[in-house]
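Labels run A, B, C and D following the written order; every chain starts at residue 1.
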């Protein structure tokens, strides 16, 4: 562990910060339909929160919170959610992603807003999962054994 | 009623079905790994049916327009299926289907433990290619281009071979340059026209053809696509990538990636810019023909020098791409038909050849041509498929290679470019040289040892797609009339601006 | 002369028979008797089908059948006319004999890969009949290439390095010339919009510039490298490495005959008599083939290997046929066309005799054949008959054709060509008589016992020898080759 | 001379983007270190993003968002910047990130296999491992000279 990782100040601040980061990301995701924001940005912020956690507490710790399998399901599920919403429009006789045709809410615009939110959530899920798994995959291995292999190669 | 819902949305479903299926693959694989193959095959089959239906609709009733989310162009993203991309789409879906059937056993042996990511990426690659082909929006095109490129890099690197990773990285760098050029070109065109819709752009561009920005955009597009298709001086990524990728990936990528690249080139030249601009004003087509002619010769010559089967096929791809672009660049109806027909022909032949290379590798672990002795006895069906596909590449009449060659030569005569006639004919002799070397090794040379060799054919799931593709090599060699008459002739007229849009 | 046209699928069947048989041969590869049985059955059916069309042809009709249109305006069409029928009868009849001979030869020598051998043989025959019945250049080109590819495994059959090299040479020459043929085919299509053979040539060709026409003609003739014109002949002696029945196939049944057939087709049915005459191309080409006639004979003189000597003799004799077509008078064309089946029968006799010598006496070189006739009298008598035919002496048929050729040359006042024909006859005698002399009159080096080749080989030899004599004794037998040729000549010369 | 300076100054955004792009392009081609190649690619792509962004800017324009209380008639008076390039670039950035991630993942694998991320070392290692390859490598060296 590096000095930074051991620093009590940083560890405490990160611990306090992360819930707010994640909450903010959820806000950004849900705000996508009516203002600046959306699934991409929110997902990245969420992912950044987890990555921050992983940087300070170690990847193994982070993987306990959000495992590879969970990542995979989030990534796939998010896209299925997004495309599924689009397909729902088709089932109600519209074009792909033509939200207005779904009789969910009294007005078309309102329906569209709700469904765009659903889509944004889907996108957010995928983006956060992909961001996190990218970080996990690319970051150097931490266990003793892995390190050993690397030294050999060098 | 329900039927209507599906038929109305077929253009969108062409892209969305493989996309969703691609992301469902991990979930299905999580339930049971073996289901993945059935899932992928079924998806590809459905996609194939959809593309077939799209093509039939286009032939019967004309171009299909599909507006995403009900937003009308030029503001919304529009999918447009005309003869050109209907034709390319069905090729993508068909080759995708064949390779997916084939991959069952091949993946088990070559990529154990990577089944799920492989199939997932596979479907995403198909999504990317489909999207590139079908979209009528120039930026949407870029996004799908990147999807297909990224998945292709991944499919090449997924194998265990060390060289595959390096090849994939080199491809990635080249591909990024290409994609960036294309992105830049898109930016330039957007800057001068203010639209991203291809049809809209084609209407606006003629008024500003004297603008240097338009010219620069064309140059960027051509440079970018030349890298993507592996046109001769820019082909350096191609041989390594094809050689070191896993068998199924090579078959898919060699069969489709460059074809779709060629499609994109055609689409941009004739569907975004106008024929008048690329043919007469900038003479881009003329430059293209010379580059293509060079590619034909150099690709064939380099193929002769190879001893690795897949590498040889890769160089042969460089030369075959030259055929397609030569035909397009000739810019007359006959040459254009030849070039377009060669998209189909080359996809069928080259996929078959790469599948054969994979099957041989699967059974024997051999890649070097000089070690092929006695294979004719050991794997009779596989080698027969190789014979048929190889003869097609040479251009023997009765196979697909002949029909496109016929049109290309006729087109060159029509254009008065006798040198190209010479080049095309010479290249068929060069093709003969490198394919016959393999035939010789497969069937001749060890008369006495051969008797002892036992039959050891590839599994059925690998044989079926190979045999179907070989059958198509002959089918379209004899019945080339149908694609030509129903699709390519009106299409060539349409592209060159002769006659009315259907 | 008006010819009625009949639609019938018979020509297609005639082509397909051996293709179907080839599949059966492959399927029954493990049972030699059944496999060769299929070859025989197919050979007889094929000959029957070909023969069944003869009465219609003799009645002055033609038979066509369009199989499929591969490219718009480019159909695969079969058309049986007198000239095609001439080649088809020759090839399909000789296939029966070659099959019998092959069985004897291959079994005696215990050759390997016999299934592949019979398979390729059957495909080659399909192609040959396909060439004979092609109605246009594209169809012809299709079968022309098929013939090249299917005979390659036969040439390289023994699979030694030498054989493979010979096979490569064969392939490079023939595929290379195939490219020239393709090029000229496309050129014809480009200029005239059709590639159909017509009795008076393709009309549109008369309109193209003279230089282009000459170029086109040269390309066509390069395309007919199968006919063994002199600078492009060297594949033929090299291919002698193949088993003898294959040589017989190459020289008599299919390959070179297909080459000259194609050359004559192009000269008479694409360019046409009128165009050849008006453009003067016939004379240049006639001088050109004369060189081949003389040079090849001189080469033949220097060969000690019997098969190679025969190969050069073929090169020389083939040019007779082309020369005949170039002597654009009815007599000349008759001589040329008639020489095609005559040469086929006589040359196959010679080759089968050479093969019998290899199998029975294990002798390939002429210098080793002292007194061989004492061992194999029937074979050597048959050989002598064939040799007489080649030289142009009765009783074999050669003198008939040579007579017509001389007549044609004389009618045109081309005394040089007359001289060429006479010199070549002398040269032919010079290289055939020593063989006969050595075989019959030289004292053998050691005691030779009577020991003929197996029946399977001997019977075909005798049959071809007898037919060769019949050409000379009764050339104008009704319904025989002469009748067919006269119809073909009437077709191309407009019934003069 | 003043004219040239004016031209450069008036359209300085384009000059910046072209300069950046060339720097990136140079790095992609000339650098032997694979990571540097990837950095080059990123600079290249970022340059293009900058080009798009600067394209959409209008002097005195504001962000194209309808704020509460503004009616659509009112909105017509305000000059908005063009939002489309921003949206496009958002997508392009995602693409660029994916490419970079994939490239880095590949580099890690290359490093694991060859123990180096220097192109020369990898080329030498490949040549040693794979005799077939040597011919090709020699050829490409000749090309580069």
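Note that in this section a contact is a pair of C-beta atoms (placed from the backbone, for glycine too) under 8 Å apart; a residue touches a chain by one contact, two chains touch by 3 or more.
Quick caveat: nothing in here was measured; it's all calculated off a predicted structure.
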| item | value |
| --- | --- |
| Central chain (by mean CA position) | B |
| Most widely separated chain from chain B, with each centre as the mean of CA atoms | C |
| Selected pair, greater C-beta contact count between A-D and A-B | A-B |
| Mean-CA-position distance for chain B and chain A (Å) | 35 |
| Centre-to-centre distance between chain C and chain A (centres being mean Cα positions), rounded to whole Å | 78 |
| Chain A and chain D, separation of their C-alpha mean positions in angstrom | 25 |
| Approximate Å spacing (C-alpha centroids) for the pair chain B, chain C | 44 |
| Category of the chain touch graph - line, ring, star, complete, other | other |
| Touching pairs - complete list by chain label | A-B, A-D, B-C, B-D |
| Touching residues on chain D, where the partner in the complex is chain A | 65, 90, 94, 101, 104-105, 108, 111-112, 115 |
| In the complex with chain B, residue positions of chain D that touch it | 25, 28, 34, 37, 41, 44-45, 48, 51-52, 55, 84-85, 88, 91-92, 95, 98-99, 102-103, 106-107, 109-110, 113-114, 122, 126, 129-130, 132-133, 135-136, 140 |
| Of all residues in chain C, those that touch chain B in their complex | 68-72, 74, 76, 112-113, 116, 138, 141-142, 145-146, 149, 153, 156, 158-159, 164, 167-168, 171, 175-176, 179, 182-183, 186-187, 189-190 |
| Contact set on chain B toward chain C in their complex | 391, 394, 396-398, 403, 405-407, 409-410, 413-414, 421, 425-426, 428-429, 432, 436, 440, 443-448, 450-451, 477-481, 484-485, 489 |
| Complex interface listing, chain A residues touching chain B | 69, 72-73, 75-77, 79-80, 83-84, 86-87, 89-91, 93-100 |
